[in-house]
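In the two complexes that follow, subunit A is the common piece, with subunit B as its partner first and subunit C second.
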Partner chain A sequence: MESHEGFGVSVGSMPKAAFSYHGEDDDQIATVLSSDVKPRILLMGLRRSGKSSIQKVVFHKMSPNETLFLESTAKIFKDDVSNNSFINFQIWDIPGQVDFLDTNFDLDMIFGGTGALIFVVDAQDEYIDALTCLHQTVSKAYRVNPQIRFEIFIHKVDGLSDDHKIETQRDISQRANEELHEAGLTDLHLSFYLTSIYDHSIFEAFSKVVQKLIPQLSTLENLLSSYVQNSMVEKAFLFDVVSKIYIATDGSAVDMQSYELCCEMIDVMIDMTCIYGDDESECACEQDSTCIIRLNNSSILYLREITRFLVLVCILRDEAFTKRGIIDYNILCLQKAIHSVFDVRTKLNKPNGVLPVEGMNSIGHLANSTNA
Partner chain B sequence: MKKKVLLMGKSGSGKTSMRSIIFANYIARDTRRLGATIDVEHSHVRFLGNLVLNLWDCGGQEAFMENYFASQRDNIFRNVEVLIYVFDVESRELEKDMHYYQTCLEAILQNSPSAKIFCLIHKMDLVQEDQRDIVFRDREDDLVRLSKPLQCACFKTSIWDETLYKAWSSIMYQLIPNVQELETNLARFAEIINADEVLLFEKATFLVISHNERRKHKDIHRFEKISNIIKQFKLSCSKVAASFQSMEVRNNCFAAFIEVFTSNTYVMVIMSDTSIPSELTLINIRNARKHFEKLEKLDKNRLNAGRQWRV
Partner chain C sequence: MDAVMALCHFCEQHGPSIVFTCEKVKKAHNPSENIVNEQDSEVFTEPCSSAIDIGYATPYGSLDSLASNVTISSNRSSIKKADLCQACRSLPEGHQHFVSHDKDAGVIYRSMQHPNNPDVFRLVRHACVRSLSSEVCPGREGPIMFGDEQHGYVISFTFYVKDNYARGGQRWYSIICIMTDRVFLIQSWPFLVDCIGHIIEYLQMEADVVFKSESNEDTQSNSRPRARWSNVVTPRNFHQQRGDNSNARPLVQLTGNQDLYTYIHTAFTWIMRACRKRLKEQVTHGKITDEDLVRAEILARAKRSYSVMSMDDPNVAAASAELNSLSLVALKSPDEPTSPTRAIFTSLRQMREVLQPPLFKAIAWHLLLGNQVIWRGQDQALVSSALHILKDILPIGCVKMQINSDVYVNSYKANILGLNDKVAIPQHVQKQEFFILVDVVPKVSTTQKLNQYYPALFDMPQSPLSGIEFRMTSGCLIPEKVPAMLHKLEVALANDNLSNEVVKQCLICLKQEWMNKAKILYKFTKIDNRDKEDTSKLLQTVLNCSEEDFRLMKFWITGLSTQYKEELRRSALEA
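Here is the complex of A and B:
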């Protein structure tokens, strides 16, 4: 979209201002979710259930094979992932066997600022103890802070057959819910996920957990749906580059394979940028990053940078890509809208992402490729 | 034109795993499923179209090895173009390993004295990172000494990183008949389109077979890394029953293009002048394609004319 003066044909170009990402903007977006205190995700579970491995693989790009060498976590490890990731969360890796009766733990402080509690259950091990611990943890946390979302990761399922996976999930959820029922905690809702660090299921599960904590989620989803409809794109994801967690997608169903392919594409883009990009800037996402991959089944994967932390990944057909100019213009509008959404939060410090008037106008400008 | 490549080494040293990853699109984890190779496994691999590698993966168990040196000796060691010998870095029987290696060399000296010899010190991931260079240098020195009067080239490898590609890339490079001509043409191409760098990959294995660097790059391991990156992506694509045709990655400091080139190769072009629109580079690649296809055809005819020996 640069102006190509060299060719003797003057083609108007988009105003430069539209493309420069002011440092302040990024910082504003980065602090958007902090409000008063940074939302917290707690990773809890028995010893050796896989908590630290999950954290390393999702947020620190560690290869799953290397996690075999991780040592046991001795004390609470607070991982602030806000520098590289859009997700301004603190991931607290709590060593297995946290004794709540020990008065050293300030439960109010720990659970008070928590947005989500992820309890990791090792599916390859006997999980009776895990269920007991789960019940204790969840009841205590709920009493301190009823707003916490409880997410149960049924982990290490890579070794199990599909039937076994379903059976395990059914069994665990049944027992957990029964125990809660008996304790009278009927308002407590648990969500279950089958995960493994050896495939994309852990990223998918984390995506869902994080999405629940983003107040602007429905707005972002609407923006993406609008973009998808007007650009003849099949699917669009808004990814956090570093963790490959998608924070929003359009209304259509998510196909795991498509999601995985998009994750792989991000990996390719980052790795290539690390090799050939400029050293002085960060290795992660450079300015105006673009990636186009054409597949032999007439599909195209198209990646465009939205902010320093977020990228838009679209899956579309060959024919739709011939209208690239329109798609690019629509992406520009989408960028502006996303910036507006987060701007509101910072300026007004409201918990919900209500679009100001400018944001709505940007959406109105989305060019419809079917009419062009 | 068939070229015979022998892959030998002790049982469990990693020969079949390597072969599966390079030629059969296995990922490192899948190799756990492989069992011991019985006797000799033959595979014919089409490489660069007109080269057919006759890969003899010789089972490493003692009974088989004794057999090779005795009754099957002539059959196995005749007409060998390349011998790849694999050493397990963790082996506790170094003397025995060396003994077998030397016996192989004797057989080579008798039957195929002009064969090129490569030694792979494998499973280096099991060695502590700070020890790897030292351990490798030690082994290399020993092997070079023991191999005299034959010459051997040594590599340290592991299926868990890019060192595997580097070793096999170097080996394959030696097998390409017209590599000088290829490089000259590639250099001219890079010059004309003002590229920072141009790489040529073999289609099936994505090994770098030729490259031209017009602008120095400080990462000397980038070829292996790129091979690895693309191969991983290719594998992911195959899960959705698709394969990738072309790739473009750009930002405001560089643009990289990976396109199908000839019937057996892919080309990668790196441009640092980002004001040049993508379409221009793609047109240039398309035009160069025709030229390189002609080159390949010429070679095929030339080689076919000189074809005389059977395997």
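Here is the complex of A and C:
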């Protein structure tokens, strides 16, 4: 696994600041989220830049090749990502042909309860028009709701060479930021991601977008970091099973390759569950599921269920797995901790972007089974 | 109805766009001049081919009356059509529009890409965007209605047209009809949806044929550039084909019909014209009361037997007089000139004052319950005026009036009877208690005499009726409990705050109320043949009636309209 480290493209591009959480930010998000029960992620961009494809691939398991058959989106498509998923929000796929900044549309309604705005730029096309549109959209949205997080997906990078990718991202971010500076919007922060639906980059980028909307992120990260340190695990991800979005990971850098491995492992697990699992259970992940995959480079993928919607996926060395008891015990501790993190929310009964964790009863059962 | 119809398209490049608009324009100036002004040499080379008669399609067969033709003329104010792509553009480069003249109505129907009037354009544009990009139709294809006061009300019918080259294999269109009158639009919904549905069916049928033939060609020959999505896509050719955006095709090409817009224009024109004609607004001031109905029936009966019955029949006379909307004063016999000094009754309130409430109440009570009311006196003008006033208390169907009679008439023939002072009431009638007799006797007093000889001395305002005495003879006493109707009438009359006009309306309402109750009683007793006791109990609880009211209603049943009775009987038979 070491040989692949540093290969990931998007790692460097990911500003570290995106992970850090300030107290005041926390409150802001809470207010944004509580104003509307479901926070919203807007998908905007020029026509044919791949908005509907992203939405279909990430949340509807559409195969990337099939997205070519999609017809153009004529009206805002609102997609609820809440059932059977840990994360609870709405995705609005906004047609690129329609100018929603027109006065005829209620901007407060569109941008009011929005948590994040994803602007998709087609990297294979001339992106000058897209940048103009980006500037207009972002500045307008910022004026309506300054709490929106702006995420720029430089999309369809699968056709570009690695050098070209870096160059494109540099160029786009430079131009976009310059324009914002000229307009005096210095407080407005744009995050850039290189994405493609043909690999896992779109899942990773979406993960980071969603993570920013989870107020408990820093706590979860600290928990995972301490878990990784104490269990001799190389990397740990907390995954939302249904969307394959990871809602948290430990402090170390995310390697694209390992993320892909974990995604595929979840796929394997879901497939196995479909074949051999209990038909009656709705969720893809059975209670107390465990999955171990040994790789030929003496690494091990270890998956454990945390809640009905969340699984923990660890990457560790062969020799570390000899102390499985410690690892399992630590997972149990981690699980309790995560439950109590979300339990606070449930007790405060504050509506927020995160579903109150279900299946609380399973804790006791789980503890018993491990004891036995 | 100011309607605009338009064909809209969700363009791959430009989003929702107006393709074709048809609007009705008032003929402000001579249309022939219009065409001359906007002369374009190319246009007049083919006037015959573009002349279309839309008369044949009118629903009312007014083929000759509608001499209309379609003229293609140039459009002076050209909209920046350079922006429009193939798919957004309807009429070809010549900037033409279609015009149909409706000479009867003095309007023209004009179709073009975009309306010239900026206000209309704004409306259509707004409706177009809403129709294609914001309103959600269940099942995606189909009719919906939306709108508001500001932007007008819209029926929008969205549909797909198949296209080999489009993303998803189909293109997204809608036909919208915009009106400012919401009620009219809703009323026209079945008609409009049906008509628009036919147009869409036609378009889709034609497009299907083209679609199928194109798909066949594609499979047969590989030389032709195939639709993008039918290829096996690898990242390589995906990249190469991306730049090709020019897959937008006009609707004419999709349907393979060169005269498509001519067809759409005539269709829109016909729909708008027929839609305007099929509904007419009529203002009615309230519902027809039963009074009017019965009155009309009496008149109709009188007309049928005109040779037999003379207009002397007071009912007929009164009915016709009222139908001619003459005032209450005119109800008095026309041979007697009315003057304010004459001793006559002019209104119920005045009568109540003159007779004093107890006497008035007694008369009204007898009248309402169907007993005979007899007025006897020398002054026939006074008597008849009193009877005419009293008659208004009853529904017209219950009134059987005889004025100025020289013999006693049975109560079956006349429940309101005016007699000469010489006529005696037969003994057998006097024994009964179902009548009230009012004798009008001149009071001979000193003042009266003096007043007669020296009118100037007694100049003070004096009622002309003050010198007359009214003596009441009745076989029965008025019970404590009177019908609710009488009570309410008395209250209304006693209340000086109410003007005479209000009292009159109040009386009409009261009559209508109790007529309706009588109708229910009729339905229960005569049609359903219900048990009597049971019915009276039921009515007392349901209609909130007392025994007294019940008596009143039993009498009033006789005054119900025959039309209503027949309807009830028929429905009972059918059931």
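Just so it is clear, the second predicted complex is superposed on the first by the 305 of 372 C-alpha atoms of A that agree within 3 Å, B and C clash if a C-alpha of one lies under 4 Å from a C-alpha of the other, contacts with A are read in each partner's own complex, and residues count from 1 in each chain.
The rule is simple: contacts are C-beta pairs under 8 Å (C-beta built on N, C-alpha and C of every residue); 3 or more make two chains touch, one makes a residue touch a chain.
The structure presented is a predicted model; accordingly, all values stated were derived computationally and were not measured.
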Discussion item. Looking at the superposed three-chain arrangement on subunit A, would you call subunit B and subunit C a clash or a fit?
Written reply: fit
Discussion item. According to the stated criteria, A:Lys75 is in contact with first (subunit B), second (subunit C), both, or neither; which is it?
Written reply: second
Worksheet item: Given the touch rule stated above, what does A:Gly159 touch, subunit B (first), subunit C (second), both, or neither?
Response: second
Worksheet item: Given the touch rule stated above, what does A:Asn65 touch, subunit B (first), subunit C (second), both, or neither?
Response: both
Worksheet item: In the superposed arrangement, which partner chain does A:Arg47 touch: subunit B (first), subunit C (second), both, or neither?
Response: second
Worksheet item: In the superposed arrangement, does A:Asp125 touch subunit B (first), subunit C (second), both or neither?
Response: second
Discussion item. Between subunit B and subunit C, which one contacts more residues of subunit A in the superposed model?
Written reply: B
Worksheet item: In whole Å, how close do subunit B and subunit C get at the C-alpha level once superposed?
Response: 6
Practice prompt. Kindly list the residues of subunit A that each of subunit B and subunit C touches, one partner per complex.
Written response: 65, 198
Worksheet item: Okay, in this complex, where on subunit A does subunit B touch?
Response: 2, 4, 6, 65, 198, 257-258, 260-261, 264-265, 267-269, 271-273, 275-278, 286-297, 299, 305
Worksheet item: Any idea which subunit C residues touch subunit A in the complex?
Response: 10-16, 126, 129, 132-136, 166-170, 172, 228-229, 233, 235, 238-239, 242-243, 245
Worksheet, complete the sentence: Within the complex, subunit C is touched by subunit A residues 47-48, 65, 68-72, 74-76, 95-99, 104, 124-125, 158-159, 198
Worksheet, complete the sentence: Listed in rising order, the residues of subunit B that touch subunit A in the complex are 29, 160, 217, 219, 222, 225-226, 229-230, 232-233, 236-237, 239-254, 256, 270, 275, 277
